Amino acid sequence: MSGNTFGSLFRVTTFGESHGEMVGAVIDGCPAGLAIDLELIQNEMDRRRPGQSKITTQRNEADRVQVLSGLFEGKSTGAPITLAIRNQDQRSQDYDYIADAFRPSHADYTYEQKYGRRDHRGGGRSSARETAARVLAGGVAKCFLAAQGILVRAFVSQVGAIRMDSNFRKFDLNLTDENIVRCPDSGAAEKMISLIEKVQADGDTVGGVVTGVIMGCPAGLGEPVFDKFHADLGKAMLSINAVKGFEYGSGFSGVALRGSEHNDLFENVNGKIQTVTNHSGGVQGGITNGMPIEFRVAFKPVATHLKQQTSVNRQGESVEIKGRGRHDPCVVPRAVPIVEAMAAMTLMDHVLRNRSSKYE
Amino acid sequence: MSGNTFGSLFRVTTFGESHGEMVGAVIDGCPAGLAIDLELIQNEMDRRRPGQSKITTQRNEADRVQVLSGLFEGKSTGAPITLAIRNQDQRSQDYDYIADAFRPSHADYTYEQKYGRRDHRGGGRSSARETAARVLAGGVAKCFLAAQGILVRAFVSQVGAIRMDSNFRKFDLNLTDENIVRCPDSGAAEKMISLIEKVQADGDTVGGVVTGVIMGCPAGLGEPVFDKFHADLGKAMLSINAVKGFEYGSGFSGVALRGSEHNDLFENVNGKIQTVTNHSGGVQGGITNGMPIEFRVAFKPVATHLKQQTSVNRQGESVEIKGRGRHDPCVVPRAVPIVEAMAAMTLMDHVLRNRSSKYE
Amino acid sequence: MSGNTFGSLFRVTTFGESHGEMVGAVIDGCPAGLAIDLELIQNEMDRRRPGQSKITTQRNEADRVQVLSGLFEGKSTGAPITLAIRNQDQRSQDYDYIADAFRPSHADYTYEQKYGRRDHRGGGRSSARETAARVLAGGVAKCFLAAQGILVRAFVSQVGAIRMDSNFRKFDLNLTDENIVRCPDSGAAEKMISLIEKVQADGDTVGGVVTGVIMGCPAGLGEPVFDKFHADLGKAMLSINAVKGFEYGSGFSGVALRGSEHNDLFENVNGKIQTVTNHSGGVQGGITNGMPIEFRVAFKPVATHLKQQTSVNRQGESVEIKGRGRHDPCVVPRAVPIVEAMAAMTLMDHVLRNRSSKYE
Amino acid sequence: MSGNTFGSLFRVTTFGESHGEMVGAVIDGCPAGLAIDLELIQNEMDRRRPGQSKITTQRNEADRVQVLSGLFEGKSTGAPITLAIRNQDQRSQDYDYIADAFRPSHADYTYEQKYGRRDHRGGGRSSARETAARVLAGGVAKCFLAAQGILVRAFVSQVGAIRMDSNFRKFDLNLTDENIVRCPDSGAAEKMISLIEKVQADGDTVGGVVTGVIMGCPAGLGEPVFDKFHADLGKAMLSINAVKGFEYGSGFSGVALRGSEHNDLFENVNGKIQTVTNHSGGVQGGITNGMPIEFRVAFKPVATHLKQQTSVNRQGESVEIKGRGRHDPCVVPRAVPIVEAMAAMTLMDHVLRNRSSKYE
């Protein structure tokens, strides 16, 4: 149980480290006969790609999607689908300085403690490059969900202390990618971009929040005890590099409300049962209720910055470390497609799981 | 994959609904030869029990722990350990009014959508009584962890808008149970109790936050990709009834920091490598680093209050609902042992998983 | 992964040892709304029960089925169904002689090696009594399958060297329970009974073969690589106490045939595609083809006999052992319902798994 | 749960079909720090390779092992190890004749029933080429086991009706590969080869039996209920293409013995507890006892022969089919490394699982 597989029925196993041959995903459990839109998947990869704008890292990774198995005449066959990208533009020597030293707030020390060794080149398996495999698999899930009218959307709602308008419903989420920070509130987006540029000029980094919304999701998804829909979704998000928190619906702010304020009253609107408010964030008792699923994901400031830091090495000696290589000053713009990918995988898994909920 | 099992190697399967025969847990994967302290487990059950104080529900459930299998001469044998409590003091007729109607922000509607039916008595499987089984299993995990010097502690850090001092390290966590709200900051505790009493007098409910701390945990636990330690811990917490959010270390507030402020610098203190700050909350790259693991869990205000609410019934007709039965005005004091139980289960599972991390 | 759970979607976790409180099964993943026929399940328990005839062990275990969770108004609710029987008529002192010594060809020595200890009373978890939990769970699966017209039948086809007519198709399998050895070939049955009586008189035991047939199974069940239908079925059978071999279709005897003899030619009989012969035993490429599934399970002679044997004890000293207690001279008549139960569980699991095979 | 993953802690996920880009395995759960001998793995691949002798199919697949991820400086890192081979020498047009027709005793019909479609080229995922991925993963397991002195050996013990001497212990298993049929009894080997040549000349095929022996295995492996060692081993073997039966120890022939003959008496030989006989085949109560593990695997005659056969097509019409392409007249010589690979994977998985059996 080394944790490289995600999902129960829609099972995604990722492999590959930063400076190996390939990074990829074996996607098992995709029902046969699904049309796989490779252009859609390539487009998601391009959204995640480094170097796409002035505020993201300038590594140049072409990241062309390769199909290693599982497709026949453009459709899934029931066999595992393997998608991968080759590693390129690697500068392993950029990482020689950490072969022996532990970068603060990275996984260097903990890998060493766990495994007794580590592939230090580019962070090895702990590299953000591993998330490329998630986007590949999430793309397959998006094909599945889109065909059923389920839309998975994410956007940047906070960078540093700058927050977009809390009522995101008044913005058109289709415009998220219109600016490089991927915030649909264009006024806030400008401020966020300025902040990131300032932080970058300082050789520093800053955190942010990605908000996710799932629309068109049917009621009934999720398992009511340990595998509550929001518990699996939360785990999916928390498994993304640099994530520090997850909340859905009213989240941490709902704590201060009274039950009589917080409860979402049911109403029948033209034959459709829905709720007047959505503090539940689309999930009640761990099961989706047909309302939009809304959640927020906190990303810490990236650990690699260009300022000098003190640390220790494998021998326990004090060392000075100064970040090198090419890194993002703020991870959230590129995290948007990753959040969407993990949400799509979680959702598709629960759609399949729910096929066994009733006898008939 | 109906989600009634938690864990990979330390696997806990819970069963039972509010008004059935028993609620219990089959605890599989406990190594043989562990002394199981049934008094400790009974004590945890008593901490979770309704009716223990004036601010908790007055149902009288004796909740005596019964051993159905797996122990021999006071120790685990390698066979599954089954612990259970009998259901008693049930007033099924208290729930007749919801056989047909959907209570707002409960699982009534979503169960009906998922399963096409539901056992409405006492909420059935969605009842908070299900958490008793978690406390039973968590008790076994606590026996395992205690023998290795690992301490799992939780306490109430917020009720409604009242927060305890954010620096919890200055309080003695051994005093948590000294007051009925289970907050180690006695000043804040008094205010919290007053608030709960006021809310209760209003027939209303209020939310809260439980903070968890794990001390004495070795470095190296957690799997670095999907099963990051904090991802599994987060899922564990989010699977508890009424939880809306989870964060660890700096959490959502860390978002606003710069990387140069947020990074936890390593230092060698008398041969032990540790970090100067602990924004990482004891976990880096998904793997524990030997520092205290710190996390916060948001609980919404309980959905059952005594005020009149509008809703719909199975026929889609508008109905009026008024809470009956005996319920907690605020769930967090009784949630403390449940948070500890889930944390202990997660931790024990990862201790066992880590036994395969190295070849030698 | 202690292996007390069987199945992927229809997941059965068994618990309990010979001389504990209860033996039972938590049955997870049963779709909601299935009518559970408790009489059918009790009847299966009675077929497995010791003491049902002169050729089975004379222990008197009433084995009344108890429902601990998961049923509401006679139907499954989607929650885990827990069924159990209480342990009774235990004579723990019958087993004192093996607290220290290892019975030949039992699990005494291997448990001790694995766990460093064992509950020796009645064989503990290795007792054949564990199979009662399988019959409980198998009963639920039989309810599910029967509603879809799938019949699971098993019968004794060999005892010692006495085999029934190899063409079992000419016998009425509904008559299997008409004789105490459960062989539908009444001529062979008589000889088998005589043999068992003779062996019993000698204080000895003898092995046998149980043949299983599944009729009415749709094509398409089974997963084509590791979880081939017959691989999961084989594992299910091999997991039953005392089983030494499994074959399906032509099995070991098919080895000697040529491909041109062995191949099952397809034909279209009134719009239904079937095969002329059934050397495949109803499974091709690991997936059912709609023909009857046929398999054979070899049971060794029970290890407990009443003759004196040499062995060693925990100290490695030579000891003399003589079987005591009440045991079956031949296990196969009572194994028939167990074989059926495991086959039913395997089948139901694959019916549910197959719900995700196609996109539409 | 599409069944492309094998194992609990040592988890192998295979991917790839006959005429896709690659066939490979993601090997998860290999402890860090294990030296991986790529030459050993290549050698195993060469043993499985088609065209290695006159009695195997003449397809020319170079099958060079490629490392896609998980190794660093020749050792495992704890990250998933991905090994693959490229597909070459494909003649997809050789399979056009079965795009529409169902070959007897192949998986054509059942895939179509399960998935509603199939990749017919070279049998797609049902191709024997899938077993190459198993040999890759088995090679990693062999590296692990060899370092602990555990030897996994398999050999051909029967072809058609020709059996080698039943007492295989008098032959040197190191000589297995000395002849092309891989039978250590050179006299029997000659007859087997003659038989295969004759069958091949007839355009026909014939079945066989592979015997496996595991030496140096410690006592204590295997889980005592559903995941008995021999149950998992049996499933592993039954999951190999063309396998029809599995037995261990005395197997089907043990049925005819009396308990007093069949029991393996314990003895203390110079401080080592062992058994006088080994009818148990090294496994008692599902747990290894330290004696050699012995098992037999039945392979049916390959379904593809060159004689004319009748069948039906997708439209249900009668068709004539005549095998084309290059195929083995008898699969067992090439099955030897596959049997070893599956045994090694099963064993390594249980070695890791057993690390959690005891508390201390």
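Letters are used for the chains, namely A, B, C and D, taken in the order the chains are written, and counting of residues starts over at 1 for each.
The criterion applied here is as follows: contacts are C-beta pairs under 8 Å (C-beta built on N, C-alpha and C of every residue); 3 or more make two chains touch, one makes a residue touch a chain.
The structure presented is a predicted model; accordingly, all values stated were derived computationally and were not measured.
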Repeat of the A-B interface, chosen from A-D, A-C or C-D (over half of contact pairs identical by residue number): C-D
Most distant chain from subunit A, judged by the mean position of its C-alpha atoms: C
Subunit C against subunit B, contact positions shared by both copies (same if over half, else different): same
Inter-centroid spacing, subunit D versus subunit B (mean Cα positions, whole Å): 46
Computed distance of Cα centres, subunit C from subunit B, in Å: 39
Rounded Å distance between subunit C and subunit D, as computed from the means of their C-alpha atoms: 26
Two or more partner chains touched - positions in subunit C: 1-2, 4-5, 8-9, 14, 29, 32-33, 78-79, 111, 114-116, 125, 224, 356-358, 360
Residues of subunit B touching subunit D in the complex: 1, 9, 29, 31-34, 76, 78-79, 144, 147, 224, 352, 355-360
Residues on subunit C engaged by subunit B in the complex (per definition of touch): 1-2, 4-5, 8-9, 11, 13-17, 20-24, 26, 28-29, 32-33, 66-70, 72, 75, 77-80, 82, 84, 111, 114-119, 124-125
Complex interface listing, subunit C residues touching subunit D: 1-6, 8-9, 14, 102, 104-107, 109-111, 113-116, 125-126, 130, 158, 160-161, 199, 202, 204-209, 219-228, 230-232, 234-236, 238-239, 241, 244-252, 254-268, 271, 273, 275, 279-281, 283-290, 296, 298-305, 307, 309-312, 316-318, 353-354, 356-358, 360
